[in-house]
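Labels run A, B, C and D following the written order; every chain starts at residue 1.
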Amino acid sequence: MTSYRFAVNVTPKPGILDPQGRAVEGSLDHLGIEGVRSVRVGRRVELTVEAADETAARVVVERLASELLANPLIESYAIEAIGAVT
Amino acid sequence: MPALGIDPLHRRLGLTDDELRAIHERLGGREPNDLELAMFSVMWSEHCSYKSSKPLLRTLPTAGDGVVAGPGENAGVISLGDGLAVAFKIESHNHPSAVEPYQGAATGVGGILRDIFTMGARPIAVLDALRFGDPGDVHTRHLVDGVVRGVGGYGNCVGIPTVGGELVFDPSYQGNPLVNVMAIGLLDERRLTLAAAPGPGNLVVLFGSTTGRDGIGGASVLASATFTHDDPLKRPSVQVGDPFAEKLLIEASLELIDRGLVEGLQDLGAGGITCATSETADRAGTGIAVDLDAIPRREPDMEPFEVMISESQERMCAIVRPDRWEAVREVCERWGLPVAVIGRVTDDGDITVERDATELARVPAASLTSDAIVHERLGRAPEHRRNAPAPGVPLSPSDRLPERGMDPGAVLLVLVGSPNLASRRAVFEQYDSTVGADTVVGPGHGAAVLRIKGTTKAIVASTDGNQAVSAIDPYAGAAMSVAEATRNVSITGARPLGVTNCLNYGDPTRPEAFWQLSEGVRGLGDACRALGVPVTGGNVSLYNESPAGSIAPTPEIGVVGLLDDVNALVGPAFAADGDTIVLVGTATPGLSGSAYAALAGTAAEDGLPSLDLAREAAVQAFIREAIGRGLVASAQDVAGGGLAVALAECAMWGGRGAAVRVPTAMSPAVELFGESPSRIVVTVTPRFVPALVLLARQHGVPVETLGSVGGDRLVIQLVGSGATGASEERGSTVADELDVPMTALRHAWDNGLTRALGWED
Amino acid sequence: MPVRVGVVVFPGSNCDRDTLHALDLAGAEPVALWHESATLDGVAAVILPGGFAYGDYLRAGVIARFSPVMRAVAAFADDGGLVLGICNGFQVLAEAGLVPGALLRNRQLRFLGRDVHIAAERLDTPFTHALAAAGRPLRMPIAHGEGCYFADDSTLDALEADRQVLFRYVSAAGERAGEDDRDANPNGSLRAIAGVLNAGGNVAGLMPHPERASESILGSDAGAGIIRSLVDSAAHAAAGGRAVAVGAR
Amino acid sequence: MTSYRFAVNVTPKPGILDPQGRAVEGSLDHLGIEGVRSVRVGRRVELTVEAADETAARVVVERLASELLANPLIESYAIEAIGAVT
């Protein structure tokens, strides 16, 4: 068994209301920051999986992401291996 | 001050050399090892030991009808009859909230809730008393936003309604906000559970969250040293609240108590395991042997001292008979909570910490709690007593504020729309105030009212703290805070049962700050004696100072009352057109400490209005009886902003105007906007007026008929000697008639707070 | 004999007791159903109450869907059993796909606890038949951070066509609220939708709290009609009647 | 001026309690998922910056991340260029 560290990035689907992203854009003026646009706010979940090999590990993460971490109606996700293999 | 490297450990832990010597005595002359020293440093912190305030607190009246548990327990408990009792307590989380407003406030709510259900009571309500600096300041706005989200984020999730509280802005809180939270719970008297560890051989069981490095040094360092924003050495590892874990903890704890599975129960707060074990052992005259490795950890390689003083949230400590351990384990596991036996009760009176059979620490339990050091601090009144409002408030009229001589209608609009008097809706809308389905009156209009299912009774609660008067006269300020908090309960028809209090003051080693504290406690005690309400508990928060200076002394008073028939409840809103408006009590001169003074500045000749405690008691007894007899349609006390604002509130909340004539012996400013205590605006169906007047005479309480309810404007005419010449002589040029459309009042009141905080969008 | 109506108790439910109390007032026999239980104890209808089922930090209602009791609830719903989700219960139903749509964070990103008015779109359902009239404003509290009803346009159109919109936010005077009407539709729900039905008409979810508005002492009893509708329908179902809404496809 | 797309990954600092991560771990049994541990839940913010060059763009993102997106007391952040340059 090896440990694999992954990140699952969950972001609101295009076209879905993203009030958090709008809130960030709204506060740019106060900070005097310019030239920033199309802000989208999502979730990032990092986790470690014990598995025989990376493929097996990915299967687990895939399931977790699709069934729990993201709501397919409104969110899409991407899985990212972030090494830290032990 | 020597550099940290060469500073001895005890000083780095916040202990003075004298205190180290006192520790030697407690240990029979022996040097404490580092672990023992860490345990002492937490338990002898101001926060846990009350080493500066204990001698003062002893003077408070704590006996009263039905008091089942008083100061010394996690919360006060008072009997309600029918085998029911109410548990209540207020506590501060000022410094953590200054560091991280969301988590500071959230964990403040979690902590006070644990004090309630530790007693066997199911929490039914939270009230949050908040104080900040200038609402226009960016940092203040960050704090307000974070604290409000934190209170809601925690309370909403555990499902306890936040039904009341306070939000006050005062320049003195700029560097040091106050977050005081009160919680109320209901219990079956037979379920009353105390935080004691009886029966040598019994198991010490820790359940709830695992133990991490949260708030290491939080209690001793954070809570007992002046907070300066950028001192990383004084910054704790921030405690993060987990309201879901708290919810599980509530249900599991109440089930354990219901089924009689625990001999004693104690929440873990400041001082963590050290505090919970030493307090419970000391109360029972026993000892506790802690098995360090049995404590479930969240992080690897924690030092023994870290485990012993960690302030990880959402943990409870139960004293359990060995034959009941299996049942206790089953309950905790069913609620998904980690649970472990972390030690056993002994008969040697010591707290010992063991790791695989070697003893790492041995300290008498009493030396950490009841026999902790007590300091007789020096108090001295300031050379010349400031006859002015809280520090930072303009002493002379300032341009952006209404000046004396302004049209009183305009002044009223400014007052009603000012940050301290405008509607708090934008804040309390972020709280779930109705979960539990018991909220009869939630936040917004005076005291909160919660019905008790299965009875006709209701609990009535209010928090009040008068920092503006306290800044000028800490004795009067504390007494007036008690008067106002109890009055707010009495005007609903309820009988105040008891007082809990949170004393927010400055550095007790400064003679003026300690004088303020002792005067505050004296005023608190005198007022409670005069009004016949016991002090059942509270909390002391000292060192509320920032580089900018000390906060205005803030005695925050929480009162719980009982309404025997919730259907007899009376509210502040004008109830019907044509009702007669009656003023109970009379104004006394003095504008200092008033909202008017804070806005318009005070004139040299202004003093504080006086408080006559006997009169206050009579006024409250009168209003309770008048309501009990069904004579009263509405009742509102005269407080912030004075009579004019009280009338405006009754009118706005009732959606009806009013026309009144106010007989005036003094300056119009005093008559309209003065905040002298012991006054109530009452409305009565005309035919009941004679009965009300008669009853008032019997109680020796002056009443004056002012006018009647109706119309879509608020019209106040001043008549009598003070109305014209007198006002100019007094230097006040406030004119004598006020006439404002209700729509204008409503607009100012609705939008004042969001505008001040820049929340409107 | 009073009809047995179940209230699911997730560890983080906090309106379960209120809901049991409201059912009791409505003349039902309230039955608490523990989240670990795989059966529904023979109840004639189920309410998923408000709260934070499993803390709901990740996304409201998401984790609850995998609990043993929810498998039983899904099966119960599949063969026509009556299920009502209130607030968090609505979020759980949506996450579990038992009702259409999703509940997003309130538009202004703040938790909102206050009274709103909703109106039933139709009375021919097991959840509304005891109400006095369609379109009449019912005042009751909301208390949620994620109550903004969302579905894509085609789904919304289908819901309207199939009459699956059960409640909408309205003004005190009863006019349908706009999507940016902060006052009447504070969470910004699309088409002011406060509650929906599944296609079978036997599962419904709504964000406001009828159980907190079922006694006049609490300021409103406008919610009692919704609870009573469910209890009557459950009794009818228990007596062997079919409890599916007339007209729902 | 060019557009650069970045992601800012905000995660709870080590040692800081992460209730969200614990909640996810707690639900793994129900999902019948095994071998997953050390779950940490954070935020992922994606945004587009107009700037003269990537260095200039990074400066902006850096400021946004440190002043607005992350709470330095309890969170750490990492900035990631996700191309999509136009």
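A few comments on the model shown:
Definition applied: contacts are C-beta pairs under 8 Å (C-beta built on N, C-alpha and C of every residue); 3 or more make two chains touch, one makes a residue touch a chain.
The structure presented is a predicted model; accordingly, all values stated were derived computationally and were not measured.
The interface with the greater number of C-beta contacts, when B-D is set against C-D, is B-D. Chain D has its Cα centroid 38 Å from the Cα centroid of chain B.
Distance between chain A and chain D, defined via averaged C-alpha coordinates, is recorded as 8 Å. If you average the CA atoms of chain B and of chain C, the two centres end up 37 Å from each other. In chain C, 54-58, 63, 66 are the positions where the chain touches two or more neighbouring chains simultaneously.
Among all residues of chain D, those that touch two or more other chains are 19, 23-24, 26-27, 31, 41.
For chain B, the set of residues that touch two or more other chains comprises 242-245, 336.
Contacts between chains form some other arrangement here, matching none of path, ring, star or all-to-all. Taken pair by pair, the chains that touch are A-C, A-D, B-C, B-D, C-D.
Residue ranges on chain B touching chain D, taken from their complex, read 99-100, 103, 209, 212-214, 235, 237-245, 298-299, 312-313, 336. Residue ranges on chain A touching chain D, taken from their complex, read 1, 7, 9-11, 21, 24, 27-28, 31, 33-51, 60, 63-64, 67-69.
Within the complex formed with chain D, the chain C residues making contact are 54-58, 63, 66-68.
Every residue of chain D that touches chain C in the complex is listed here, in rising order: 19-20, 23-24, 26-27, 30-31, 41.
Put simply, chain C touches chain B in their complex at residues 11-12, 14-15, 17-18, 21-22, 50-52, 54-57, 110-114, 141, 143, 145, 209, 211-212, 214-215, 217-219.
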